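We just call them A, B, C, D and E in the order they show up, numbering each chain from 1.
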Amino acid sequence: MILVFLALGLWVAMWLLNTRLANGPYANKRSVRMLVPAIFGLTILAVWELLVRGLNVPMVILPAPSQVAATFWDEMPTLWLDFQQTFIKGALSGYIIGCGAAFLMAILVDRYDFLKRGLLPVGNFVAALPIVGTAPILVMWFGFDWQSKAAVVVVMVFFPMLVNTVAGLQETTAMQRDLMRTYGAGYWPSLTKLRLPAAMPFVFNGLKISTTLALIGAIVAEFFGSPTMGMGFRISTSVGQLALDMVWAEIVVAALAGSAFYGIVAMAEKSLTFWHPSQRK
Amino acid sequence: MGKWLPVLTVILAIFAGWYATVPFMNIKETLSALERAGAVVTPDSPIERRDAPSFALVVKNSFAVPATYAQDRPRLPAPHQVALDLWQTTVEKKITSKRSLVYHGWITLSATLLGFVIGTGGGILLAVGIVHSRAMDMSVMPWAIASQTIPILAIAPMIIVVLNSVGIQGLVPKAIISAYLSFFPVVVGMVKGLRAPDAMQLDLLKTYHATQAQVFWKLRLPASMPYLFASLKIGVAAALVGAIVAELPAGGARGLGGRMLTGSYYGQMVQIWSALVLAAVLAAVLVLLIGLAQRMTLKRMGLT
Amino acid sequence: MAPSAIAPVISAKSLDLTFQTADAPVHALKDVSLDILPGDFVSFIGPSGCGKTTFLRCIAGLETPTGGTLTVNGMSADEARRARAYGYVFQAAGLYPWRTISGNIKLPLEIMGYSKADQNSRVAEVLELVELSDFGGKFPWQLSGGMQQRASIARALAFDADILLMDEPFGALDEIVRDHLNEQLLELWARTDKTIAFVTHSIPEAVYLSTKIVVMSPRPGRITDVIDSPLPKERPLDIRDTPEFIEIAHRVREGLRAGHADD
Amino acid sequence: ADEVKLQLKWVTQAQFAGYYVAKDKGFYEEENLDVDVMAGGPDIAPAQVLAGGGADVMLDWLPSALSAREKGLPIVNIAQPFKTSGLMLTCWKDTGITGPEDFKGRTIGVWFFGNEYPFLSWMSQEGISTDGGEDGVTVLKQGFNVDPLLQRQADCISTMTYNEYGQVLDAGVSEDELVTFKYEDQGVATLEDGIYVLEENLEDPAFKDKMVRFVRASMKGWKYAEENPDEAADIVLENDESGAQTEAHQQRMMREIAKLTAGSNGALDEADYERTVATLLAGGSDPVITKTPEGAWTSEITDEALK
Amino acid sequence: MAPSAIAPVISAKSLDLTFQTADAPVHALKDVSLDILPGDFVSFIGPSGCGKTTFLRCIAGLETPTGGTLTVNGMSADEARRARAYGYVFQAAGLYPWRTISGNIKLPLEIMGYSKADQNSRVAEVLELVELSDFGGKFPWQLSGGMQQRASIARALAFDADILLMDEPFGALDEIVRDHLNEQLLELWARTDKTIAFVTHSIPEAVYLSTKIVVMSPRPGRITDVIDSPLPKERPLDIRDTPEFIEIAHRVREGLRAGHADD
């Protein structure tokens, strides 16, 4: 019980500290901007640890962060193997294929109004297909290895990316388009010099959404059949074995990889769409 | 008319492509079945067929093409097979029957709606907090992003077990998982929306010395409406996926997720496809309804 | 306050304001001192970026000076803002698109807690004043830019504030409409005895309207000239062709040119 | 009535007919029990539910139960209605596989989620690596159905005599196209579908009494189901919430299940237990359990129930 | 074409343009006839919404008239657009935010296929002209509104078009800068013999710049007066105080007022 109260106290204290920092004079310093979420995360971990210990939660329900950390350290080689299988082979290749194909398709859709009016409504429909239904089908079609995972990822990221890119390509203002017309510019110059640059913020929106989708898709698809490695395989097998520490270690890998993936895309966005109002200041 | 022509064309093209693909997807099993029934197929060894390209098999055994459209366990069911199954499980069954897709659809829909309400409610509250508290803004947002990188299907069973152990069962655990998926798009959209008023619009209220609450109700909230609806549309689709995902481990195997699972469990591909199609229809209808609400609200607000 | 003179409504003493930006700090205002008396109509004129808006925002308590003192109605600017001492007209109309014109004008009244009946009568009154009576039920985008600007002026006039702060309210209008609104504003000012601080880019407008013209120059923003107008309070439009008018306009233009020479 | 929550290992099907029959026929009621039969699913780990307090009793396979026990979750087998194992590998005959020695270089589908232990133990007894390659088998995490075999993505897959094997036949494959390896025949059978509770609960006499009554009524259900397979299948169908099960399928499953439960009166046969433990301990470099488990089963409940 | 007179560069005959909108159709231009000769500097003035922008857009081939005929350089407006016959300066700067100022000015040159070296020298030249030489590497949002507007003028001047269409290019600028750019524009015009069509709200600006002032009035947009300026081509700023100038300005003002009276 003491530990539980300690947890609550810690939570309040850290929250006050964060409020202080966030409203303090150095709030805009880079270091503080990193520190505040870090404190928040560490507080969650500490509270979690204290609660698990204080309430005697069985390990097979929820392991303490310290246990997860230990497992993470001990099982590094396995985690690395799973990461390669799921993230590098499954998620990344699916992401590249899916986003690339959607991008090209978006340019076509943007060019031919007929396609736009026909494909987008149907696309919305297809985008609502839950992975739970598509994954078994795709595993059946593309086999147990990473190819089927990549296929699941392609299906998941294709339409968010398509819709965003199409929206972006239409994002130009009438005046920007008129300017091109005053130059008598044809399709290609106005695509490369106007519509594509103007679409970039939207393209990145799609790319960012797709990062988390890709990872989730690749992991979940492994639940429906896989070789004996991969993050999804390990998670589901470990749940069955009640090795919850391993489960959480994989989840940590997923969260780290996902956040890093998101972060990298966000950084690319920052440097390529520096001109957009949302990126200034 | 002009609006539907392109959609119909695309749908037609999809169906045509679909029909054209079916023989290639199903040829191997079809040939094995025909061979068992006494037909002569080339090549006559299943192992050779396994390693042969489907295209060659279709060409060499063109007589088998019609049979590929009538498989019991097709790798790819033909559209009419799915349509027939849909007809049988929706129209021809009493909607209270456990074999009726309407019944299962309703189970999923109820979890979706509850989850959607919880998710959007939570998402909006979180967004309000983020917009009004710098501390929350700085600490919560990165973790909200990280939370979405956690594979939900992996923790869904655990959530269900944990909730189960505190006595919560049935609709609520499913709704919570569904809420987990739908809250994120709402948070992101609403944070953007609540921050949509520009400095001048905010300054105007400052000159009136308006309270925080007045700023929220008279400026931030109305200004966020377009964003809200956009994220609601994404959120409701996510909620549906969440509800379906939650049905896998929830036991009982009711709902569209249950149908997909049992379909997969017994190799009933047609059943999976029917459930998939219904799920997509459901999502489309929900999105449509939100679009309708959006148009009405924005019209009343004079924003369209 | 000294009993001898009339107490100024707005009084700035060696006001400084520096913006901290990512690279170099921007000195928007430097050593600005100015007294505005009750009933004054003060115009601010100066090249783009010289700090006119910033100064107005300081008076409104929307910006905090980094140095010097500023009192409004004898209080600090922020207190005055809380006391709702002024109406502010922004450089752009800034109407809320989800409210009708009436709804927009009602906004400050709702916030300040006027009664429903009072709200309605006041809205009708100011709509009349800016000649938009027929448009109360329309949404902003259904009006031309000039009409929107007039609505935003009505919004600032709807509640009782002795001070009116106007930041280039007529910038987007064509000359004829502008002339008309200038006349109207003068009439309102004469009738209500409000104190008005007015930013403009137009020399004739500044001279035509003001009792006092403040010429500013940039980098850092400071006051280079304060011209008291000898024109009478009663001002027909053709006063603009009188030699006094042209004389003042000339002095203002010279002051402005001097500011530009720094560039 | 006393409440009992029972967590099944898998979705509603004739594999669990005894419990549904006992409930439906009022056997539980006769014992003054109110039993809630909770269906499982692909990602439900019954032991986890038990540990979390979501259930009082669960069904599990002994290997996975012993492994959980070694992980620190003290669960105890209190009854064993299944005498015989129904687990087997089903292979295409035309692959040329005739015995375990031919598995080398093949692809084999295996269920994971705690169900992989029997296979892994068997392979390590045979000295076959499960990491793929020329000398080992390539293991696939098999999904829920028999498609990997039908589509020849795998040379062999895991099947249960009462379920998946029938599905393979239903797909039009005839028995002589197949070769099967029953774990029972290979001498590596492990005990399936036993009844387990938390050890600490057994210290409570009231709980113990409840379990005695529960086991007694359940066994009555099982014996009734064995004798009336078609009725039992109907009862199962009524309890199936997915609406996906068919009568023919459940009836056949019930008949096969009856063969597995036939030899048991509910009491665990110590010899079977020892064999299972020996199999699991023998697991080469990476055995499923590392030391002989203590107190992993008790006959107290069945002794009392079968009096 | 008749050999007797000089062929007009732009010739509109009973031009009509009606926008089909959701409710009622909007008659933006009605029976507009006008000839613009080579080297003319024509100003269009008129109340907001009278169709000035619409007429300019018709000339540019950006809008298709619903009636009447229009030729530009003897071709249809659309052909002239494809032949890149003109440079257009929009009412707002409309620079592409992802390009630097130089990049923006280079844009038409890239599209029209000028050589790299030629591009660079032309950019340098026009930047000089609008006094932005130091700002070529900056991005649009790093410049004040007035500087952006100058950059957009430079963009229209960078390539060789005989016709310059300018839609309120100096609207956003303060008086001093405006005066300065007016002088520069006149100088450029005198030097290059371009034909210029220029929309403005400012009467003095129209009179100061033009050889011909077209007064328009709204609903439907039509030409109510065309005033040929007797002022010499050489125009110092103080020409604005001469009686001729004041006389023309007066006539324009009267024309405008007449248009407003319709409201």
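Keep in mind that, in the parts below, a residue touches a chain if its C-beta (ideal position, glycine included) is under 8 Å from a C-beta of that chain, and two chains touch if they have at least 3 such contacts.
For clarity, every value in this text was computed on a predicted model and none was experimentally measured.
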Mutual neighbours - chains that touch chain C and chain E alike: none
Neighbouring chains shared between chain B and chain D, ordered by label: A
Of A-B and A-D, whichever chain pair has more C-beta contact pairs: A-B
By mean Cα position, the chain sitting nearest the middle: A
Centre distance in Å when chain B and chain E are each reduced to the mean of their C-alpha atoms: 54
Interchain centroid distance [CA atoms averaged], chain A/chain E, Å: 50
Interchain centroid distance [CA atoms averaged], chain A/chain D, Å: 38
Where chain A touches two or more other chains at once, by residue number: 61, 136, 140, 223-224, 236, 239
Numbers and ranges of chain D residues touching at least 2 other chains: 42-43, 45, 48, 52, 143-144, 147, 151
Pairs of chains satisfying the touch condition: A-B, A-D, A-E, B-C, B-D, C-E
Residues of chain A that touch chain B when the two form their complex: 15, 18-19, 21-23, 27, 33, 36-37, 39-41, 44, 61-62, 114-119, 121-122, 124-134, 136-137, 140-141, 212, 215-216, 219-220, 223-224, 231-232, 235-236, 239, 244, 247, 250-251, 254-255, 257-259, 261-262
Contact footprint of chain C on chain B as seen in their complex: 200-201, 203-210, 214, 218-219, 222-223, 225, 301-303
Touching residues (chain side chain D, partner chain B) in the complex: 11-12, 38-45, 48-49, 52-54, 92, 94-95, 143-147, 150-152, 167, 171-174, 240-245, 249
List of chain B residues in touch with chain A within their complex: 3, 5-11, 14, 25, 75-76, 133-135, 137-143, 145-155, 157-158, 161-162, 165, 237, 240-241, 244-245, 248, 257, 260-261, 264, 269, 272-273, 275-276, 279-284, 287
Partner chain A, residues of chain E touching it in the complex: 57, 60-62, 81-84, 86-88, 90, 92, 94, 96-99, 107-108, 110-112, 139, 141
